[in-house]
Amino acid sequence: MASNILGLFRYEEDFIDAAERLKSAGYDELTLMSPIPLHDAEKVAGLGKSSPVRRFSLAGALLGAFGGFALATFSATVFLLPTGGRSIITFPPFLVIAYEMTILLGVLFTLLGFHVVSGLPAWRDVPYVEDTNVDRFSVVVEVDEKSDPEAARRILDEGGADEVRDLGEY
Amino acid sequence: MANISRRDFLKFIGAGGIGAGAGYIYAESVKKTVEFLVPQVIPPEDWSPGVATWYNSLCGQCPAGCGISVRIREGRAKKIEGNPVHPVNQGRLCALGQSGLNALYNPDRIRTPLRLTGARGSGEYEPIDWDEAMTSLGGRLGSMKIQGAADRIHLLTGTVRGHLDLLLARFMEQLGAPTYLQYDYTHPHSLYAANRMVFGVDRLPYYDIRNSDLLLSFGADYLGMWISPVHHSLSYGHLRQGRPGHRGTCVQIEPRMSLSGASADRWIPAPPGTEGLLALAIAEALVDGGGYDGADRADWSAALRPFKASKLAPTIGVDAAVVAELTDAIRRAEHPLAIGGGPAAEGSHGTAAMTAVNVLNHLAGSLGRRGGVLFGADPVVADDWRVRQASYARMMEHAQIMGRGDVDVLLLHGTNPVFNLPQASGYTAALDKVGTIVALSSFMDDTTAMADLILPTNVYLESWGDDVPEPGVGLPLATLSQPVVTRIHDSRSAGDIVLGLAHQIGGELPAELPWTTMEEYIRHSWRQIYSVEAGGTDAGFDEFWKDALRSGVWARNRAEMEAAPTVSPAVLAQAGSAASEFDGAENDYPFVLQPMMTQGFVDGRGANLPWQQELPDPLTSVVFSTWVELNPTTAAELDLEEGDVVEVSSSAGTLAAPVFIYQAIRPDVVAIPIGQGHTRFGRFAEGRGTNPLDLVATVTDESSGALATAATRVTIRKTGERLSLIKTDGVSRDLGRQILGPAKEHA
Amino acid sequence: MAEYQEPTYAEVNRDVLRTMLVTGPKYWTALGISMTVAVVCFFGPWFYQIHVGVGAAGMNRSAFWGTYLSNFIFWIGLSHSGTLLSAVLHITQSSWRKAIYRSAEAMTLFSLVTAAFFVMVHVGRVWFVHWNFPVPNQMGLWPNFRSPLMFDVMAVTTYLTASSIFIYMGSVPDFAAVRDASTGMRRRLYTIFSFGWRGTQKEWHTLGWAYTFFAVFVIPLAVSVHSIVSWDFAMSIVPSLHQTIFAPYFVCGAIYSGTAGIVSVMFLLRKFLGLERYIREIHLDNLGKLLITLSLIWTYINIMEVFTGWFSGSSFEYEAMKFRMFGFYGPLYWEMLLFCALVPLLMLFGKIRKNWRYMFIISILINIGMLTERFLIVATSQPRKFLPDAFGFYFPSPVEISITVGSFAIFTTLFLVFVKWVPCVSIYEVKETLQPLRKRAT
Amino acid sequence: MSTANTLRDYLKPGYYDEFDYHWAMTIDLDRCTGCSACVVACQAENNLPIVGEKRFSERREIKWLRIERYWQGEYPDIKLRFLPMLCQHCDQAPCETPCPVAATYHNQDGLNTQIYNRCIGTRTCAVYCPYEVRSFNWFTYTWDEPLEQQLNPDVTVREKGVMEKCTFCIQRIRIAKDKAKDDDRRRVRDGEVTPACVQSCPTEAMVFGDSKDPDSKVSQMLNNPRGFKVLEDLNTLPSVVYLQKVEEQGHGHG
């Protein structure tokens, strides 16, 4: 039986303070929402200086480089059409293809990475208050049987939240 | 760094290997299982060749008389090439000859007999059937014959040789109509006249360009339009590069550079009309310098005294030094040969000029000699056609008769005098006085459009016939013409029409002309030739005939050359002055007009062939139009640029055409190509350009009766209009790019 | 002039979303006109050309390429704006880019789309244009990857893909803002567009990194794209095109014209969408400085081109140069120099650099100059190659001119549609540049 | 053949170790008179369209072979030189590499081939060709009835949007090869193949044949010291070799 408590803040500092306090109080299931990216908040959310997206980018880039060259050689050898006195497998032009494919697959894989890592698209019903995308910062605490919803509510209130709401279950 | 790049490189090699492997597997699997439906990696021409049939026949595009081979697929003519066994063209063919297909499949061919319904020249005709056409015409001719008015029937054709000519002659003779004329603009009347005068021969001698090593051409565009261009081109190739280590030299003397001039080593732009004088000056220098050692040397020397180069230099515009050089060259050459034609033969004293050239040949020792002028191949078929060739003077007589209303029926075939005679001649007006004009024609050309009755004829590719080329190759030969395709329209060959008329007319004609078809007639005639050749028997003729049809040509392999005729110095006096006189005063008309025949259209007959219209003129690259050639200096003086329309006027007429700045033309000469300017000649020719012959004044060369087309003076006026010429050339200078080969060190 | 008052977060949302949600008659008129022009001037003539053949254009023997190709380069060039402003300035963390990069990216995308249209207009058999792509098939048709044009296909496709993703990803938080501010159909649509974006730190963090990677990929891509476009020419052996300097020349020119294009677009957006508070003089000033720099590089390369052409003494190079400078198209050459090398020098003066109207005019002139440059590259080189006898001449036909005009309408149409579908100023990034809300700040 | 060998082949510049045939042509400029017979021969053989005056004036003519003219000097010391220009069938053809759809390539006979089916009309090959011998179908050209009856059934008619050029009359080569095969010969004999232009040339300026056969006429002509290649500096390795016109030194004879 879990419940979600939302604290809506006007000021960035209050928001971060409250989030930190909640975290130290043992609330792990925090969702911090803000209208702009905030490094401090990301730190609170436990997100480091790098992102797993980069692995996707690297993989895509490498695959693109290989794949591009392979594609070029493959299509050159399906039918042998020698041109301009060049060899069938021609390095300089095929490297250009490899280069472009590096970027193409790099970008596509990064996009994939973004989706995988961020969990988006997520069109299911989730705790969200529209104001957080305008000028409010919000903390959503998921409280279950073991934790104390009141304590969380208090921390939010004391932290300067404009509003504390119980969002119920998701 | 080095490590990384090598690793990368290996990676790519690996990738390449994988790709290649995948490609191999893919290709193998797909090929084996499915087969490519349309393997779009193979040019379509690389598969499906069909089997063609080749028929040998005769080219009818100009009077040179080349043999052709026509490629037939599915009953259609696909390509015309030279007949490889024909001695005249040896498998080669000029652009015009190859465009014969355009004549055969021309969309503007007359497809049925036509009878005039409107006023003459209105172009309103109704189609009638052949029976009706033949009955009415045959009836008319027959009744005239019975009434004894057959002399009021005239026949005018283009150059017709061989048995068709004999057939026509016999038909007219039986009809009792004495007037059978041939008019062909290209016929070199003054050359014939000069040869008659100097050598006493009617038939053109054979000019052995092939074996000559110094060719002096006085205006003769032997590679372009002179007599037999394909044969001369073959000879020219041999003259240049056919004898290892021995390259013949060519000198061209003419006011406007022709195709032959462009290929010559030396081009001498002598003033128009003085070519004959130059020839005489050279002759004088030759005799004077001891180059001639005949017994009559003294006589020659005396006869030629007035033509001393130093005296003539101001008139002929050529330095005495140049004359000396040319003389020297002749003396050193083993086989010098002089030929004359083109503008040099078209002056008011063209015959005298050609006489001078003949004299030069005689003095240089070129007569009757290899690499010189050869006489005597006897014609296999009677060659009276030459007698029927009407010069301008004779055409004017004929026009006079017509003008008096003394011609009731004029039969026309294969000639276009309305286009090829200057307006000033009044020919067209005279033609209008004829009672009935009957045109045997494939195309609605300027003259056919005047006809009251039009009988569509087959083009040469659909006709039976034969020909003895003049002068051929110096040995007796005859070419056979056979239909290579079934006729595509409701037309008949001229021979068949005449034979049909003979039957229609009745009387003694069917007996005298007993053949029903031209094929039968040709076969019969060739049987006779065979009998003569075979010593009076026609056994084995069928074999011979089959061979002849297969090869398209027959030639006697032994040639009996006649000895060179003797030439007496008296001819000089007989020929008279070799300098041309011009119509129009120099002050009023500062330029000399040179109407020139072009590669593409000859005298205009090729203008309805789309391939010829789209063939850039070899010298200017202009297509689709008439242009006025001017020297750059002249153009600059008159403030003219290419495309400026000028009005060119002579005492005889005026025309307007755009200027083309031609680098190699004398500043005092204006050249305009003949060929365009047809009022009627089908979609490809009509309404395009103008006809320069309309400017030509009616000056004639008295000795030959030929029209002196190059003896008219004109004036030029800028109109201010512009008409850009269509041409393919961009910048005709190599801009130092050594496109024509590496630069030579100049010694 | 009143002191500049920073907008609040809420005001940013309100102002930017207003441009999307409130549509006046002016907009509809503009859209109507541009769509009509696009159809009448572009698609009409194009379909006519497809019907009769490419002969509808003015190209001919020896001038096989014409305005279609020069316009293709022009539009590809214009597309380099977005890349520079979003990617390069993102990496270098120049915060002034944030208000303007979205529209710059949109320019990138739509220029590319327009350019892609020109590829299709250019080819003789557009119905087979898909043969350019490596798709397995029965006819044994595979593209030839040795061809510079194939590089083009790969590069432009990649660029189109990458910049679509780039602009889309950057807009996801803003789509969420649109979603939140709207109802009904639009809300549902933007829910999908925004992927259900909430603004959690996880999302921000991933987006931030992904965005950085996109930027990192896009920069070399953009450089390669215009290099490759230049190789269409430079890989040929045509005199005056076969030059090593062509790739940097094109890249520099591309960024130059793109940046000028941004100035023009900014002027219009600011004026017609009431974004004065977001698009400000500082942007103009910075872009002006950038333009001067680019203009100087561009001028330098042009001088070098003439210098080497003259110094080579080769008839090929020399004649080509002479024709370009003094031939039929000579006046255009000097016009190009005037607009792209001399006029931009005016921006050395701060007053001019900070004046919207002057800058708008200058930016338009620069792009006219750049359009001319591309035209000259095509029109003066390949009709006059090696064999003087084959020298030809090229002049655009009415169809070509019309299609050129129409291409601007296509671009405008796309842009007009864009401003109604995507916030043309990045809401969240503008917020980032504002003073953060602090409780105790006074 | 092992994959390694295949790969090695694929990496070899020029790819072909050896051509089956290497068709070559020589054009002796000392014989050429510029008469243009070859131009019409080509038009007839290869179904080149009749474009009409309007198209011609727009320079949309289609000619696989044209005669170039160059004037040298000024009047009266002026010369006109002709240069027949056709596809040079370069072994390192600048036109082949840039085609994105591989519609033009080098075949086993050393021919530069154009596949109309495949062409999408980017016209890059024509821009890259230094000899400007490629012609583009700006329109679909038609023949006025009954001119279409003269069309050569061995050669396709091209539609709008397709590039075309001289093929060295590949259909004739094909026929000769088929004939050789029928006659149980391994190779085509010298002189068995003549492209239409060579066949028609009235001065015999053009010689065509297999340059791999040392005894062929063309091989002998290729040894001629007057031989040169147009724009040789571009290293396109043309298969057409021109023999320079012999210029008489000075005006004197000899």
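Chains here go by letter, A, B, C and D, matching the order in which they are written, and residues are numbered from 1 within each.
By our rule, contacts are C-beta pairs under 8 Å (C-beta built on N, C-alpha and C of every residue); 3 or more make two chains touch, one makes a residue touch a chain.
Source: prediction; values computed, not measured.
Colleague: If you tally C-beta pairs in contact for every chain pair, which pair wins? Let me know.
Modeller: Looking at every pair of chains, the most contacts join B-D.
Colleague: Which one of the chains is closest to the middle, using the mean of its C-alpha atoms?
Modeller: It is chain D that sits nearest the middle.
Colleague: Starting from the mean Cα coordinates of chain B and chain D, work out the distance between those two points in Å.
Modeller: About 29 Å, centre to centre.
Colleague: Please compute the C-alpha centroid of chain A, do the same for chain B, then give the distance between them in whole Å.
Modeller: Result: the chain centres lie 87 Å from each other.
Colleague: How many Å are there between the centre of chain A and the centre of chain D, using C-alpha atoms for each centre?
Modeller: From the centre of chain A to the centre of chain D is 62 Å.
Colleague: So how far apart, in whole Å, are chain C and chain D when each is placed at the average of its C-alpha atoms?
Modeller: So the centre of chain C lies 42 Å away from the centre of chain D.
Colleague: Return the residues of chain C touching two or more other chains; collapse runs of consecutive numbers into ranges.
Modeller: Counting only residues that touch two or more other chains, chain C contributes 62, 140-144, 146-148, 150, 386-390, 392.
Colleague: Do you know which chain B residues sit against two or more other chains?
Modeller: Those would be 16, 20, 24, 26, 38, 40-41, 729, 732-734, 739.
Colleague: Name the residues of chain D that each touch 2 or more other chains.
Modeller: Residues 7, 10-11, 59, 61, 66, 68-70, 83, 94, 97, 99, 102, 105, 118, 230-231.
Colleague: Connecting every touching chain pair, does the picture come out as line, ring, star, complete or other?
Modeller: Graph shape here is complete: every pair of chains touches.
Colleague: List the residues on chain B that touch chain C in their complex, please.
Modeller: 26, 34, 36-41, 729-737, 739
Colleague: Given the complex with chain D, which residues does chain C contribute to the contact?
Modeller: Within the complex, chain C contacts chain D at residues 52-55, 58-65, 122-126, 128-129, 131-132, 141-144, 146-150, 152-153, 232, 235-238, 382, 385-390, 392-393.
Colleague: What does chain C use to touch chain B in their complex?
Modeller: Going through chain C, the ones touching chain B are 62, 136, 138-141, 315-316, 319, 384, 386-392.
Colleague: In the complex of these two chains, what residues of chain A are touching chain B?
Modeller: 65-67, 69-79, 81, 89, 91, 94-95, 98
Colleague: Within the complex, which stretch of chain A touches chain C?
Modeller: Residues of chain A touching chain C: 10-14, 31-38, 41-42, 44-45, 47, 50-51, 53-54, 57, 61, 68, 71-72, 74-76, 78-79, 81, 83-84, 86, 90, 93-94, 96-97, 99-101, 103-104, 106-108, 110-111, 113-115, 117-124, 126, 128, 130, 132-135, 160.
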